[in-house]
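The structure's right below; bear with me while I get my questions together.
The letters A, B, C and D name the chains in turn, as written, and every chain counts its residues from 1.
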Amino acid sequence: MKLLAFAASLRRESLNRQLINLAVELARQDGVEVDLADFRDFYMPLYDADLQSSEGFPEGARDLGRRIDAADGLIISSPEYNYSMPGTLKNAIDWVSRMKPMPLRGKHGFLLAASPSLVGGIRGLWALRVPLEGLGVTLQPDMFALAQAQQALDDSGRLKDPQMQERLSKMVKGYLEMGRKLSAA
Amino acid sequence: MKLLAFAASLRRESLNRQLINLAVELARQDGVEVDLADFRDFYMPLYDADLQSSEGFPEGARDLGRRIDAADGLIISSPEYNYSMPGTLKNAIDWVSRMKPMPLRGKHGFLLAASPSLVGGIRGLWALRVPLEGLGVTLQPDMFALAQAQQALDDSGRLKDPQMQERLSKMVKGYLEMGRKLSAA
Amino acid sequence: MKLLAFAASLRRESLNRQLINLAVELARQDGVEVDLADFRDFYMPLYDADLQSSEGFPEGARDLGRRIDAADGLIISSPEYNYSMPGTLKNAIDWVSRMKPMPLRGKHGFLLAASPSLVGGIRGLWALRVPLEGLGVTLQPDMFALAQAQQALDDSGRLKDPQMQERLSKMVKGYLEMGRKLSAA
Amino acid sequence: MKLLAFAASLRRESLNRQLINLAVELARQDGVEVDLADFRDFYMPLYDADLQSSEGFPEGARDLGRRIDAADGLIISSPEYNYSMPGTLKNAIDWVSRMKPMPLRGKHGFLLAASPSLVGGIRGLWALRVPLEGLGVTLQPDMFALAQAQQALDDSGRLKDPQMQERLSKMVKGYLEMGRKLSAA
């Protein structure tokens, strides 16, 4: 099984980059090959059907499409912006959704969120499930939301609370188990 | 009362541009001043907190913020992309939400959608309500969703069915009544 | 202006009953007449179109319909059950939605939630907005969610933290201002 | 693999009862054992924590819990009430969610909707996904929504349009494939 993983944030000091690193480390320890991408690799203009007609897909979108296509599943750690998913991530999904064949169909996935607030970004993840599932991604029902992430992570980007680390570890394992079953021939 | 109106589509032949024109015409006939904007005026990069720190708000976002600020309310006609709102529109909301004072707070609004499909874009509007209401916009509960818009509109961009035109007219009037009350001193 | 207020919980020791009491007290101090109902008054069977055909509306639903009808707006404090609104409250809305004329149309409203958890019941309120707005209720965009309500309320059911009380007070005032404008002739 | 199937409607002439019959027939043809339940078997009072404390779980809820527990997955055909899931179904989920061990956790599922309207009940299903996934059910991303169901079904409850039947058949097969993989040891 091969996975594509990224934090849906362009910011260099993003808490979601730290969280995706932890999830990827756990997946690799479990023997899974992970393509850990930088969301900046997928920089693309705002979706515009006219632009698509005149110039085709932008390079960042094609790169994202290719890397989704090469994977069995996705791990995404996404911030919550304004009680929903980030426009940047939705824009990337909108571009990819126009590709034929559409690379998201048939993939599986697991969602995480890190947030400086008490709520932990979970509302953004619920909004994000809709386009992903609508496009045919089977999502792990459990999601990992890290509230007050600045205090929860130490300087080296590790979770301070062993129980929280244990919870993340169990959830990643749960996803890998589901993913392996779904990706079996 | 002054309103800002736009179709949340960059495409020139957008069905939502035709629909917003109809709504704006009705509002102007009712004596309301409407700033009808082209979403291309608000072209802006993907939201990136680092970019905001280094360069401030992009010109398209500042223009959108200024024009929201100058209005009492908003009329937005938005396509549905992948069972949710377009990433482009959410990206614009994400930029504006970082401005201080935040121009959306205290505004009122009315949402429309045109769609080539049978469902009419209404799911996208329900998703769009969340960030707008979360940011303090009082939205008219009724929304106008035009299904199979290509067949519903004639070559000059008018609704073929007089009952549909009547329905749109009533909804716009309902919004203007709500808006005038909320904007009263 | 007259308001109907209730906590959407059948439980006697409900945290939402305590929270609705605080909101009602603030509204009354502001000179508003409030019909504070006990959700047990509205006890009704599960919605069943066959039952409606054979026996008409159950007494609890009729009482709810009458009291909504007699009010200009609604204040509801609702628990979150399973990341959404309680089935009990949705069942009451389903019954009322079949009445003609439908009493919710044209009303305004304000939503609160108390929760023992860290998240505060806000996801349940976002789910609750959908049927209410779909049925024509203009909802105050701001919502008051009280997380860890057991610790936040003292033995006499008052908020321990003066800042939290101030926040509730401001939100209630904001709603009353909106409601008065919308209810003006 | 064993499945529990039901239409989430108490009404005897429910369109969703006809639709669940079609889905169950397809699953049985594929060799799956299906417990086809009548939602009236699960009649229960409104959820009330005090009632649960004093009298325990009502018989209808216990029956639902036992039959979920005995199944690997669920097929539910649900009407849409007021742009969301029926209160009746949410009430059943709320009761079941309090059981220990909680029978929904680890199950998989597939959702359908029949509706007399043009929209097909799909908004209700999106709302229904939230509590089910939140409680640990892995849902097939594809959902089958039958719009204008009265015209789409003939007197014997079969789909008139062979393409629609083919689409339903493919979706059921897709779910059974997913379910078999997830239920494999």
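Note that contacts are C-beta pairs under 8 Å (C-beta built on N, C-alpha and C of every residue); 3 or more make two chains touch, one makes a residue touch a chain.
Given the structure is predicted, the values throughout are model-derived calculations rather than measurements.
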* Structure fact -> In terms of CA centroids, furthest away from chain C sits chain A
* Which chain pair is joined by more contacting C-beta pairs, B-D or A-D? -> A-D
* Structure fact -> Taking each chain's mean CA coordinate, chain A and chain D are separated, in whole Å, by 29
* Structure fact -> Between the Cα centroids of chain B and chain D the separation in whole angstrom comes to 36
* By residue number and range, which residues of chain A touch two or more other chains? -> 83, 126, 130, 134-135
* Structure fact -> Residue set of chain D touching chain C in the complex reads 10-12, 43-44, 46-51, 81-94, 97, 127, 130-131, 134-135
* Structure fact -> chain C residues touching chain A in their complex are 83, 118-120, 122-123, 126, 147
* To do: Sort out for me which residues of chain A touch chain D in the complex.
  => 126, 129-130, 132-142, 178, 181-182, 184
